[in-house]
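So, here's a batch of structures to check.
What follows is a pair of complexes built around chain A, which joins chain B in one and chain C in the other.
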Partner chain A sequence: MAPDQWNAVALDSQIRASSSNPVIVNDYALALWRSASGEVNAWEDRCPHRGMRLSLGFVEGEKLRCIYHGWGYGPDGQCKVIPAHPDLTPPKTICAQRHAVESRYGLIWTNLAEDPHARLPDLGADDGWEAVRSIFLNYAVQDARKAVMDDLVGWNGALSDGDVVTLELPDGTTLAAAFQPVDAGSTGVHFVARGPAVSAEGRHGLARQVVQLRARIENN
Partner chain B sequence: MTATTDPVARNEWIAAGWLGQIAPGASHDTMILGQPIRITRTGEDSYRISEIGEDGSEGRELPIQTRYTCIFTTLGDPTRPLPEIHEFDEADRVVVGCGNVGVNTSPYRLVENFLDMAHFSFIHVDTLGATDKTEVLAYRTEHRKDVDEIWAVDCTFFQPAASKAVKGGQMTRYLYRVMSPFSVMLYKNISEDSDRNDAICVFIQPLTETRCLAYMPMAIVDNENTAADIADFQQSIFLQDRVILENQRPALLPLDPTYELPTRADASSIAFRRWLKAMDIRFGIYEKQAA
Partner chain C sequence: MKITLYDYSLSGSCYKVRLMLGFLGLEYERRQVDFYPGRQHKTPGFLAINPLGQLPVLEDNGLVLRDAQAILCHLANKYDGDGTWLPRDPASFGPVMMWLMFAGGELMAASSARLHDVMSYDLDIEAARKSARSAFRVLDDHLTHREIDGGTWIMGDHPTVADLACFPYVALSGDGGIGHEEYPAIRNWLREFRKLPGFHAMSGISEYV
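Moving on to the complex of A and B:
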């Protein structure tokens, strides 16, 4: 049973319209795909037909098509198209495994629980958040969190611990780090920011600092 | 992995090398079903195969047959002989060996991919399939009990370029034949008026449950192209399939028909999985984790 817990799995801006992308969270492989109209979906990365990874599939309008046999699935997970039998209405039983997904604070979040009740972490207003940078660290999530906290302590700002680690910079910008447990030895850290420093130039500056943070952690 | 204890898998003949792979006097270390083995070419046409022990020394000697451009061996006592494929005896055919290709999946995913027509229009675009002609017409499957083989008959599919010899699109007729859990072949009618079919085999060497080498001997009717050209065409097709095969999950084959859901076009895969289940083979099979 998957825990009832939201995890950031990507920067919202990284998941392009009409694309399907592989993501791993807690050892579980997801296909994170965005339809042409912009809807994000988080599905088990496995076609129900013959197990092909759906993250290698292609998006056609509001459907995700498996690359192996072209089976097409709607946003409800139902198979709508089986090209081998153009006149067949696919049975209802052919359905991709969907998972809860939300876009908020410039991040995409998933919850793998069957019946999720947990709330997303509260970072205040949803508007104004901009992507900074994702990094991956070769640590389990609790060690990655500690390493990031230990580094951010040295930055100029007010640090708060939580599901999401935040740093209030002197100019009023909030930098937030959300953690994606990948597997026992790997964690994704997705940085977003809100406030005066999120101009394009400011974001590049923050992104450079995040890359330097990763270098310091890796050299420790 | 260590050598499988599955008696069903151990009692099959398995391709372990191709003729010409090993120079006379030389030897080659490889593995079948998790068991390290050494193939020594003792003469121009003679070989010896032994198990390799944990200390690296040669142990038990294994049976050998050389046929269809391949070297076959077994860890057990085969209940079925090597298949008879008389096309390889016809003098005017081009017989092509193609060496082998490594594929990281279970042997049965390879067999099923080879039996499958529905992927032609997506994976082999403009050769074996066309994107606007995707339909798989009804065909029949048979369990031929006298030889204990699975056949798929009356198969047809539209192909823009069915082989190196064909020019232009056509409805190609196929006959598929699964001779063992680790070997499959097809007969392919490449021209409407000919009753001489190309014979294309896949013999699979399972190194472990999820790592294989595939050998593709062919006996082709083709007066124009060289063996190298024919091999090149087949290799390019196979490399397109490898990308698919290495991205199916799980790599092991699930036999539970509710875990992977088939449609009519998968009749041959359905028959193959039932046949594997009935023979109670365990090697390379996915056992679903208890929830």
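Moving on to the complex of A and C:
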């Protein structure tokens, strides 16, 4: 059974309207898709029809269509369209497996628990967070977290541990790192920032620093 | 004017030339070469056309050209009057060439992985995937910075031969066991490329976006 735990799985800005994306969290494959109107959905990456990955599908308005036979699913997970049987109302039993998903602090979070009660990490106000970038490290999540913490100690700023690691930079910008356990050998780290340094120029600078962090961790 | 493409449907390198010919609206004759399993590209008849024994080859009014990247540049240079696919301004030309060489160089590791998985090539698959992932990361890092500037393409505000040359083997990498999970900026770039007017698909790449 999946733990009742929220994990950041992507930068909100990188999951575009009308797109379906492959995401792996705790060895579990998700199709993270955003409808034309901007609603984000996190579903098991598996079409109920023939098991095709829904992350290979395409979005049509508010429906996700499977690339294999074109079956279309609404945001409630229910199959609405079967192109080979245009006059058929698909039975209620044909339903994609949905998971809890939230967009906050410029990040997209999922919770794979059947009945999630845990609260999202609290980073204060939701507004003003901007994407810096994501990186992927070839470590299990606890090792990746330690490596990132150990590196951030060397940055000029005040470091705080938590579900999300934050660093208060001298100019008042907060840099936050949220962790995505992918599998035993891979972890995603999603960086967002809030404050004076979130101009395009500032984000370029922070993104370059994050790439350098990744290089230092991998060279260790 | 007569253009002939020595072609193999499942080749990403041939596909990039077909895409370029399509984007430029050029008529051409396709001469199918049985690359796999026939290995026709290694027969004396084909080696007389391309001594390197590689696809694609383009014949254009008697000019015989090999190397997909060279062919893209030839077609853009000769037939794209606006110079949008092959920018000549000094600020763009160098970077476009740089990413074009990357497409024919580092990125071909993704092709190797696919040749192993799909066409039974005997090669070090783990080494190929590792090299391909390194190359993908370089491209994803670049496109991440482009996204911060609101940009979509590898260079400038429209697609160039650099995007075209990089597209096929990145898009087809799942065939070689390399997913796109770790490359969010690449995913967005691939999707935008597939939306281009005149885009057409090949086996393994969907035209539905």
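Please note the rule applied: the second predicted complex is superposed on the first by the 220 of 220 C-alpha atoms of A that agree within 3 Å, B and C clash if a C-alpha of one lies under 4 Å from a C-alpha of the other, contacts with A are read in each partner's own complex, and residues count from 1 in each chain.
Everything below uses one rule, namely that contacts are C-beta pairs under 8 Å (C-beta built on N, C-alpha and C of every residue); 3 or more make two chains touch, one makes a residue touch a chain.
Remember, it's a predicted structure, so these values are computed and weren't measured experimentally.
Undergrad: Can A:Gly188 be said to touch chain B (first), chain C (second), both, or neither?
TA: In the superposition, A:Gly188 touches chain C alone.
Undergrad: Could you look at A:Ile24 and tell me whether it touches chain B, chain C, both or neither (first, second, both, neither)?
TA: After superposing on A, A:Ile24 lies in contact with chain C but is clear of chain B.
Undergrad: Return first, second, both or neither, reflecting whether A:Arg133 touches chain B, chain C, both chains, or no partner chain.
TA: second
Undergrad: With the two complexes superposed on chain A, say which partner A:Tyr68 touches: chain B (first), chain C (second), both, or neither.
TA: first
Undergrad: Taking the superposition on A as described, I'd like to know which of chain B and chain C A:Arg16 touches: first, second, both or neither.
TA: In the superposition, A:Arg16 touches chain C alone.
Undergrad: May I ask you to decide whether A:Pro170 touches chain B, chain C, both, or neither, giving the answer as first, second, both or neither?
TA: Neither partner.
Undergrad: Is A:Gly154 touching anything from chain B or chain C once the two structures are fitted on A? First, second, both or neither.
TA: neither
Undergrad: After overlaying the two complexes on chain A, where does the chain B footprint on chain A coincide with the chain C footprint?
TA: 56, 67
Undergrad: Quick one: in the complex, what on chain A touches chain B?
TA: Per the stated touch rule, the residues are 29, 45-46, 48-53, 56, 67-70, 82-86, 88, 90, 93-94.
Undergrad: In the complex, go through chain C and note every residue touching chain A.
TA: For chain C paired with chain A, touching residues are 141, 144-145, 147-150, 179-182, 184-185, 187-188, 191, 206, 208-209.
Undergrad: State the interface residues of chain A toward chain C in the complex, per the touch definition above.
TA: Within the complex, chain A touches chain C at residues 10-11, 13-16, 18-19, 21-24, 56, 58, 65, 67, 131, 133-134, 136, 182, 186, 188, 200, 203-204, 207, 211.
Undergrad: Once bound in the complex, which stretches of chain B touch chain A?
TA: Contacts found on chain B: 112, 116-119, 121-123, 134-136, 244, 247-250, 254, 260-266, 269.
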